[in-house]
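After this come two complexes, each holding chain A, first together with chain B and then together with chain C.
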Partner chain A sequence: MKEEFFLGIDIGSVSTNVVLIDINGEVIESMYFRTQGKPIEILQKSLCTLYEKYGDSLKIKGVGTTGSGRHLASLVVGADIVKNEITAHAKAAIFFVPDVRTVIEIGGQDSKIILIKDKIVIDFAMNTICAAGTGSFLDRQAERLNIPIENFGPIAINSKNPVRIAGRCAVFAESDMIHKQQLGHPCEDILFGLCLALARNYLTNLAKGKKLESPILFQGGVAANIAMKKAFEQLLGVQIIVPKYYNVMGAIGIALLAKESTKGLITKFKGFENLHKCRFETKGFECHDCSNFCEIVCFYSNGNLVARWGDKCQKYSSNRNHHIENSKNL
Partner chain B sequence: MKVGVPNSFCYAGMENFFIRVIPEVLEDSQIIFSGKTTKEMVEYGLKNSCDELCIPAKIFIGHVEYLIRKKNVDVLFIPRLVSILPGTYSCPKIIGIPDVVKANYFGIEFVIPEINLRNNRKIKLINTQLYNFLTPKIADTKNILVLAHSYVIFDEFLNKGVLETLKNAGYNPIYPTCYYLDSYYIFSDLPKELFWSSARDIYYYFEWTVNNTQVDGVVYLMTFGCGIDSILQELIMRRCNKMGLPYLCLTVDEHCADVGIQTRIEAYLDMIEWRSSRDEKNYLPAHG
Partner chain C sequence: MRKITFPHMGNLFLIAKALFEELGFEVVVPPYNNKSTLEIGKKLSPEFICLPFKLNMGNFIQAIEMGADTIVIFGGCGPCRFGYYGALEKEILKDLGYDVEIIVIEPLFYGFRNFLKQVSKIFARKNVASILKRVYRLAKKVDEIEKKVHFLRPREMVKGSVDKIYERFRKEALEVCGIDQMERLVDTTNVLFDNLYIVNEKVRKIGIVGEIYTIIDSFSSLNIEKILGEMGCEVERNLYISQWIDTHLIYPIFKMKNPIVKRFSKDVMPVLIGGHARETISYARYFSTQNYDGILHIFPLTCMPEIIAKSVLNGIKNRINIPLLHIVIDEVDSDVGIKTRLEAFLDLIEARSEKFERGVLSWD
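Right, the complex of A and B next:
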């Protein structure tokens, strides 16, 4: 394999995804890991796995990072492009389904809706502070009912008579569920009732006032749950497409963006060899120079200070801004 | 005598007015402004206010607490802004805020003069004398209209660096500056005039700019718990959708992490760039 490859990295709250695409945008490799609160370690581990599998023949021409950990990831790997997850998801959706009109994306801690027309994003919305209806909540409820999250969908889909659950708030949804379970409703009805509640919550919170045109794509980690797909189909009355790489769409999108942005340029990627050897560390402290008490994070690579951020006054972060500006200029 | 002036909320931008007026009212006075909002003030404010108040009002209470605790002021000068524009009223929270503060603090003197122009149709220019804000320069292209109350626009804590982000991305943020707008009124085509003065301020500026300048997009910075914003935001969103202007509504609250805001702004600017790379007039939003 002497071809050229592009790497897309999506570090989210719950999962870390790494995707390798070739020059035509074909997905060569996709990896999905749980972030487990240790984004740097997981990222290093996943890149090492990739390196072990393909070795030196892997020629990376461009790297992009996205997700809430995108700035951190870009420092670790040396990214060519750092973009927000909305743009990345839209990019991937358009790549797989060119005439897509609506993207429903539900991840670990946030959910988004993206409206697209003629391959252009025309509107989007993201959930606000509340995380009712996202993956973490489903995870928690499955755990509470002692059902492995993989079985959640297959069990819920058998429901004949779903119960009504209030999905406005995660805490109240839970008490509603407990109430229904104490009344003796079967498990599958409660689970599918929950799916319906979450889909309803999504549609009232995010899709509020927006017209959802077909084709509708459903992506993000929660799309693995077939009952959620069914719930959306039931509420919207249309077919919903779950793309093949639904759980790594963000990473694919950013890899595609990296491919576009590095045309004719040399990548900033640090290389697998260096990554393997590097030891990354973050330390935090609270600055007491003024009454803002900013929390400063220092990022070290092999004991050398590489970047700092978190301050309002830019006293510490000029270093980091420099780095990001560089990657933007590409 | 130390006279404390909390210059946030509706009193932001009134510094010159205070410097002019206070020596006339109180002799031998030394004016102490609370200055920029800090995290410390925000914490004071959240601790000392009831939860129904909007965020700017809570922060205002933080400013008061800061003046009393850290600056040891003897007198607090908080005018009651009943109406600062003939024919309108201020927001009820603005009218009531002196009382909220007065009911909470004892052992300190309050000076609460009243400013009420509701029925005074003769004085027209007083508003520009009340507030001194720097008006933004409107560029030929790449203008982004940022709509919010002046106390949000000019408070670095509340605006979460949105203006800076827009500037860094190469856009020119323009925004309404308080009550400067007598001349803009004629452009409105609303069936009925808006009741609150700050709502007029924002809406007429919006109407004027979208009709008379090149605006690439509209960002509404909504403050959590603000009743005026909740109505105005919807009104402006519908207008934007009709015109096909990219619109983004951000709700700001006491969250100190600004990552969520940054992500949305970044995605929004990507969307504008993506759209402007084509003939945008043909790509109206799908809803509206």
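Right, the complex of A and C next:
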């Protein structure tokens, strides 16, 4: 194992994914953890697992972070590139299916649609304020029905006669669904009805006015659900591809971007050795110096202030780099 | 003596403060829009009303606590709910037991007598014409400052220096009194800006269109302009306060229309549907002809005119042929989601311009 490797980290609301790719973009290792609201701990744990498995032979030449916790993660590991999840997902999709035209991505809190032409993103949309059409909604409903989320798809796919469920808002959908249950509809019909409602909601809210052209990729954690794939196929009338690494596409994308951005130069990665010894901490306070009342977030590593952000006037965040350079314990 | 207050809307407070002080009133400027403003407003407002209403309510309550007894707001007829806000806010405040007077100034062309009646309450025994002229000039100057901020932010040598000057300007504006002093403050700020070092970096130009309140007021738009500035984009928006005065107070007197709106809305939205839907559409099209890299469309949740504008813009997408991102805003506190979208949007623009340089001219 003397080759060069690139690390991609995607910290989302529900899952934390870490992938290792080699110089050709081949996925060597992919790991999927539940974030459980503790992004730093989980990130440390996952990197330690990686280190235990490969030991010192692992030469990391570049690291990238993405997802809603990307800035935090970049401070923890020392990332070469910090990018948004839309670009990362598009990158991975294009890498695996070069002629892809549409990417449907449904994660825990976000759902996105990305339109691609000639290998570049031409349009995208992301759910606005509401998260009714996302993975956590399915998760919650499965929990309510006392069905493990892994069994959701296999059960739902048996449905012959799906019930119609209002999908516009999670609150309406839930009460509508309960009503249908009380009428005695079988479980699989209700589950597939939910899938259809979610797919309809996605297509009316995000894909409105956009032409979805094949090949269509379906990725994100929800793509594990074969009933969701079937629902989209039914509504769109075309075949949908679920890539092999559907649930870690963001991490793969950012690893590919890290590979591009470092160009074989030196990486900012802090190394595995120090990582599990470090103790990271986040504290917040409200600044009352003016009437903006900004909430300032302070990030500490081993008790040293590493970064601060959240202020509008840059009183705190402007000396961020100064602190990073001066903290020896990183 | 009346203690006058008014809702916040971006830099409106600078102009309104100077005007009322010149007219001889005491002015209470509510604190800048902040979380507690929104918190108060949320509690008192109907649930599905748009964000500007909630912030207005918060401003009023905070100003009343600071001693204000008269509230001046602009009204307006038309399908947008804004015209009704004055009446609604009056009722809510009355129910809460506050003893304040709300003066709603309706635009001139909805009834001259009513306009005079309302206006006479605040404009009395002064040389109104000359004051209004000076206030108009001040409004133009304040907007020049804002445009300068937008221009300088992506180009500043020392990061954060523009915002430092700008914040100080806004802070000091609360302490000065009258039009003359305000104008002097604007001039000194201008000198500070002119002496900034700038670097010539590659700057992207983004046009911002949308609902007036959310694009002018930086708190409600979660500082989108600043975020974009830091990402290296120069922003230009379709509405400034002086421009609003032009469109709604000056043009109607001369029976004129904004030439850009006239030219670009004729074929897709020939009639007024309320709010600023027509401005949104026509300026989006105007920006697309003017060497801009992308357009942001910002509006509060449940804003009817802007939803229609959004659909119309989507319908004529192939005609404007420029990246367009819609951002809906409500009581969201964290800007992470906004940053993600803006970042992806800029990535898209970057990829697109590379493509253009390689010689492909159109998408679809």
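Here is the rule we go by: the second predicted complex is superposed on the first by the 317 of 330 C-alpha atoms of A that agree within 3 Å, B and C clash if a C-alpha of one lies under 4 Å from a C-alpha of the other, contacts with A are read in each partner's own complex, and residues count from 1 in each chain.
Going forward, a contact is a pair of C-beta atoms (placed from the backbone, for glycine too) under 8 Å apart; a residue touches a chain by one contact, two chains touch by 3 or more.
Quick caveat: nothing in here was measured; it's all calculated off a predicted structure.
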Consider chain A as the common anchor and indicate whether chain B and chain C clash or fit when overlaid. clash
After lining up the shared chain so the two structures overlap, which partner does A:Lys263 touch, if you call chain B first and chain C second: first, second, both or neither? neither
Using the superposition on chain A described above, determine whether A:Lys160 touches chain B (first), chain C (second), both, or neither. neither
By the touch definition at the top of the document, which applies to A:Met126: first (chain B), second (chain C), both, or neither? both
Touch test for A:Lys277: chain B only (first), chain C only (second), both, or neither? neither
Contact-wise, after the overlay, does A:His288 reach chain B, chain C, both or neither (first, second, both, neither)? neither
May I ask you to decide whether A:Gln314 touches chain B, chain C, both, or neither, giving the answer as first, second, both or neither? second
Which of the two partners, first being chain B and second being chain C, lies in contact with A:Gly209: first, second, both, or neither? both
Intersection of chain A interface sets (partners chain B, chain C): 68, 83-87, 117-118, 120-124, 126, 128-129, 209, 290-293, 312
For a test of understanding, state which residues of chain A touch chain C in their complex under the given definition. 68, 83-87, 117-118, 120-126, 128-129, 208-209, 290-293, 312-314, 318
If we count contacts the way the header does, which residues on chain A are in touch with chain B in the complex? 68, 83-87, 101, 115, 117-118, 120-124, 126, 128-129, 209-211, 213, 290-294, 312
Where on chain C does chain A make contact in their complex? 31-32, 34-36, 159-160, 163-164, 167, 171, 219, 223, 226, 301, 311, 314-315, 317, 323, 326-328, 330, 332, 336-337, 339-341, 343-345, 347-348, 351-352, 354-355, 360, 363
Touching chain A in the complex, chain B uses residues 38-41, 156, 237, 246-247, 251, 253, 255, 259-260, 263-264, 266-268, 270-271, 274-275, 278, 283-287
